[in-house]
């Protein structure tokens, strides 16, 4: 199959959905002529014009708010927040407004918005342009949270997100934008709420999120040489969380490492741990090991940032602790 | 010892610190003549005047921002955010600015602010005035997070928070304001980062947070009648988290229930579970059980809200699952 | 913005239109006939009577729980604005939304049942007092209990109308305090940026809880803030339903002509405390007395009596009818069921 | 706010002071002697030379990583403002802060080493390019990489100054784009509410990344937004360091007299792309050419040459000195160590 990048897959999903449905439009900062801070939206303005590719002033709360209002009226806006670090400014709109609208109205309202953002850990962007804190949104009922790790998932999940009648936070990973993978040309959906076994194995399960899936797969490859068979599960969405796929895998392997780019304490690896404890405790042959970012902000200094991050080596080490 | 309410304990802590240190002052909405939405600050304006008890317009981001700036200049502001539901508006200031300042400056800056807020679950205030989401702040390195469950802790921890050189989020619980307890008249500190064994027991550990500590104690009382001995641990601060006290207790009892008022998925009970798995896995005789709010927003309808919440019965039930 | 340059001073001039003290002769020009005028008065009385009942139920009978912010005294605004919309508007409301809901045609039964937390309520009992103005089929689109936050959302509705070329407008209701929030600023700027068909309807009731608008809105008048977005501002007697009506028509027509949003400051007074339990001890009693004389309902009924549009008997009858309707709403609410717990999960996600 | 009532129109008048094209005779009145003027020019050249080097290191040598937003072209503002403060100011900076840092007296070595991520950097290598203006002992208080967010923090500094009765001012630097953020609005309102000693220094460099200020600042001029807070606004030639200096002195004196904050809009141009890798293809080349003619450094050096304050040889020597200093800063940075990983935990909490 044709190989394209993660960024291209996202662009293609947006293009195809915009071609299919005139109610889909984009809004965000510098997404028009500039093509988005990472050029993910390059060419979209030319193809769809300024009514459907809408540049905004620097107003994150209003960007998400405007998306919500348009969605209440029947449109399907896709808003972009340039860096995940700016999302806190719009989080009241996303979590306290959008996520609660269907519920608070007793089911009268629907808010089909997608908020796209990306985390830039690993690009020397320092403490205010690198953060990743998906747990905030996972702990916010009414909101779906999608984090694709491959070009294939990126396209299929974004199409699903746009077609979903609920607010969806779609968290991309800046470091993955140039990764290539097989992606069908036609539109397709990857259902939100379905985890994916990215690699089958017998001895240990690694549940990994977003970029760290790639590292987990590297670790699995490496450990295969040593005769350790690693299963890699990618939840793909944190909300809804496909607990069954995760716990089924752990029931099979009896061991689990959970790994993600966010800070360890109170992060998604805590929920993954608790999920496994609840669903597969009696099958566990060893403690669950968390691999995550340290509980400190993200340093600029490039070698320190490198050391700070989760790499395949860290996952290998964690696996070896329990196998 | 003299008994006063949780609200009075907070007021007394503020009073005594303001008497001691002229750099301490208060800012927030309706905290002056109005005395705060819950009258916690009643009388403070009369005692300290409008320079030190500063009413603000409705501007949560600027309230916290102004506190930060004043702290950078050497003052010790205590800001109030009326409901925790409004804190998302100020969260960029608290988490992306304040919590990262010491780090990002390589240690040059210090930000001794306290942001007081309260969660109002249980008062029929509905989906936008009842939320409790401490995990956001637990997953934000550089910020301390304190949640007292008793009048004694409320006073001592608030005094510690004010004297701390780091930003501290101090989360009160609206339903606890009228609870009474023994509180010394003189100022004292309860160190941030030290959990408290609120009741000793042998058979099972309940780690509970804020209001739910009270429910856990009720559950323990009830189960004692049935011959089940429950140890109740209150972490008191979620950041720093006193992992040792928690895991030591579980090592002793071999069983654990973790309980809190936030939504279950991705909430603090997930971190408490992971903490126990990491520190006491080999001592566990049963799976850890989480007791938390359902993964849905908070309903207005009073009987539904009641049913929605964590009560001692739920904790009793959880304990019985594993003892 | 047309600055006049004068040496080293740029003289910025901005015209803020004032609408107040309409001449009765204008009424016809507004297209309001007797039956419409009586309907407006009736709606105002309905809101007032509803709120009186609510106050009673909370404060004296302790039959209701949670927060309730009465619209008492501000009736002319909801009614003037919503009647001027003539079904061509999408309304975004606030924590003080009972009046908006009723003015948008949501029945007192549904609103009251919501306060009782019953499944027959406008939000099936899940929303409560701060979320009653929600019925998309009637154009009641959302009510935020977070101050300021519905304003950017209203902007999105305006965007949708423009995107689809529809000849309607979005209306954001908010009060003075909301204009100090960041969300409000971002919203007004974005609405002007895209020239969206929006009426920003500020109910300046002089207070945000205990904070006087005259202090917190640092330029003195909300309408002056229009300058910051290059949009028209209006200052309107918000206790005169006809002025409200006229101003809204103007803003709506402008929006429909594609000329963008208008910021209207309706001057009114929160005649009760902030919430049902607040005695408003922080404000001078003589100020309350002064505003009492401008009560929008007595003023409007007096006018309609003078104009002979309604007789004293008709007015009495109407008041009684309304009273009965509200009593029925209470009975209806009491008899209704609480929602089943299973509903919570069903409505969290669509 | 003094509205003139005229029938149903409130004519809102607001005076925005313009400062530009100073007469050389004013220089003395400003208390600037030759040596001070040369120091100012030298600092401007230092910033420019620094930025040229940074661009080279990022773009051509690929020796540096991450983001860098050059202050190239805006030198007159940092230098004019910071010199006018005379050590009596506390400065809050932005993602585009190299110029602010250098103007506040932080050494090129420390700033350059920060860009290299070295422990000798101003933030020990942890902050990087977007956080270089931090040295509290020099009055450099914080630099936010989140647009708009340092403005409320500057308000807090102003509050502290007033609280303690200190005769200094807080300065918030920001650019046009920031004025569309909610944080900015809340901050200005709060500063006016408390009448705090603050200079809101807007570097209107005409763009926020690719978004023209003329579009996004919907009232056309940032300074007009002063109306919304009832505070004085100024429009200043931001490419003339003397106008900048004069305007800042005025605002500072007003603040020190207890008259509250001032919003100054300095008109300038972002002569380079948004960041080092941006070629600014979204804007007209002739616009760039037009602004090039207003280059603040050539204008100021030409003036000082004309006034005989500096000679051509002195200027050359000065330029060479600066060049050497920047080269030394690079060498110093290269030789410096990276911070130890253990430091991260040490500085997270105090």
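Letters A, B, C and D mark the chains in the order given here, with residues in each chain numbered from 1 onward.
Methods note: contacts are C-beta pairs under 8 Å (C-beta built on N, C-alpha and C of every residue); 3 or more make two chains touch, one makes a residue touch a chain.
Keep in mind it's a predicted model, so treat the numbers as computed, not measured.
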| item | value |
| --- | --- |
| Chain located farthest away, centre of subunit B as origin (C-alpha) | D |
| Of B-C and A-C, pair with higher C-beta contact tally | A-C |
| Rounded Å distance, subunit B centre to subunit D centre (Cα mean) | 40 |
| Whole-Å gap between the CA centroids of subunit A and subunit B | 30 |
| Centroid spacing, where centroids are CA-atom means, of subunit B and subunit C in whole angstrom | 37 |
| Numbers and ranges of subunit D residues touching at least 2 other chains | 123, 125-127, 131, 144, 146, 180-183, 186, 189, 193, 216-217, 339, 344, 348 |
| Where subunit B touches two or more other chains, by residue | 56-57, 59-62, 85-86, 89, 92, 96, 103-104, 126-128, 141-142, 294-297, 299 |
| Subunit D contact footprint on subunit B (complex, rising order) | 25, 51, 54, 56-57, 59-75, 77, 92-93, 96-97, 101-110, 141-142, 144, 165-166, 240 |
| Footprint of subunit C on subunit B - complex, ascending | 29-30, 32-34, 37, 55-62, 85-86, 89, 123-129, 294-297, 299-304, 307-308 |
| For the subunit D and subunit B complex, residues of the former touching the latter | 90, 92, 121-127, 131, 134-136, 141-142, 144, 146, 149-161, 163-164, 170, 182-183, 186-187, 189-190, 193-194, 339, 343-344, 346-350 |
| Subunit B contact footprint on subunit A (complex, rising order) | 85-86, 88-89, 91-92, 95-96, 99-100, 103-104, 126-128, 131, 133, 135-136, 138-142, 238-239, 241, 262-263, 265-271, 273-274, 277-278, 281-282, 286-290, 294-297, 299 |
| In the complex with subunit C, residue positions of subunit D that touch it | 1, 3, 5, 8-20, 180-186, 189, 192-193, 215-221, 223-225, 227-231, 235 |
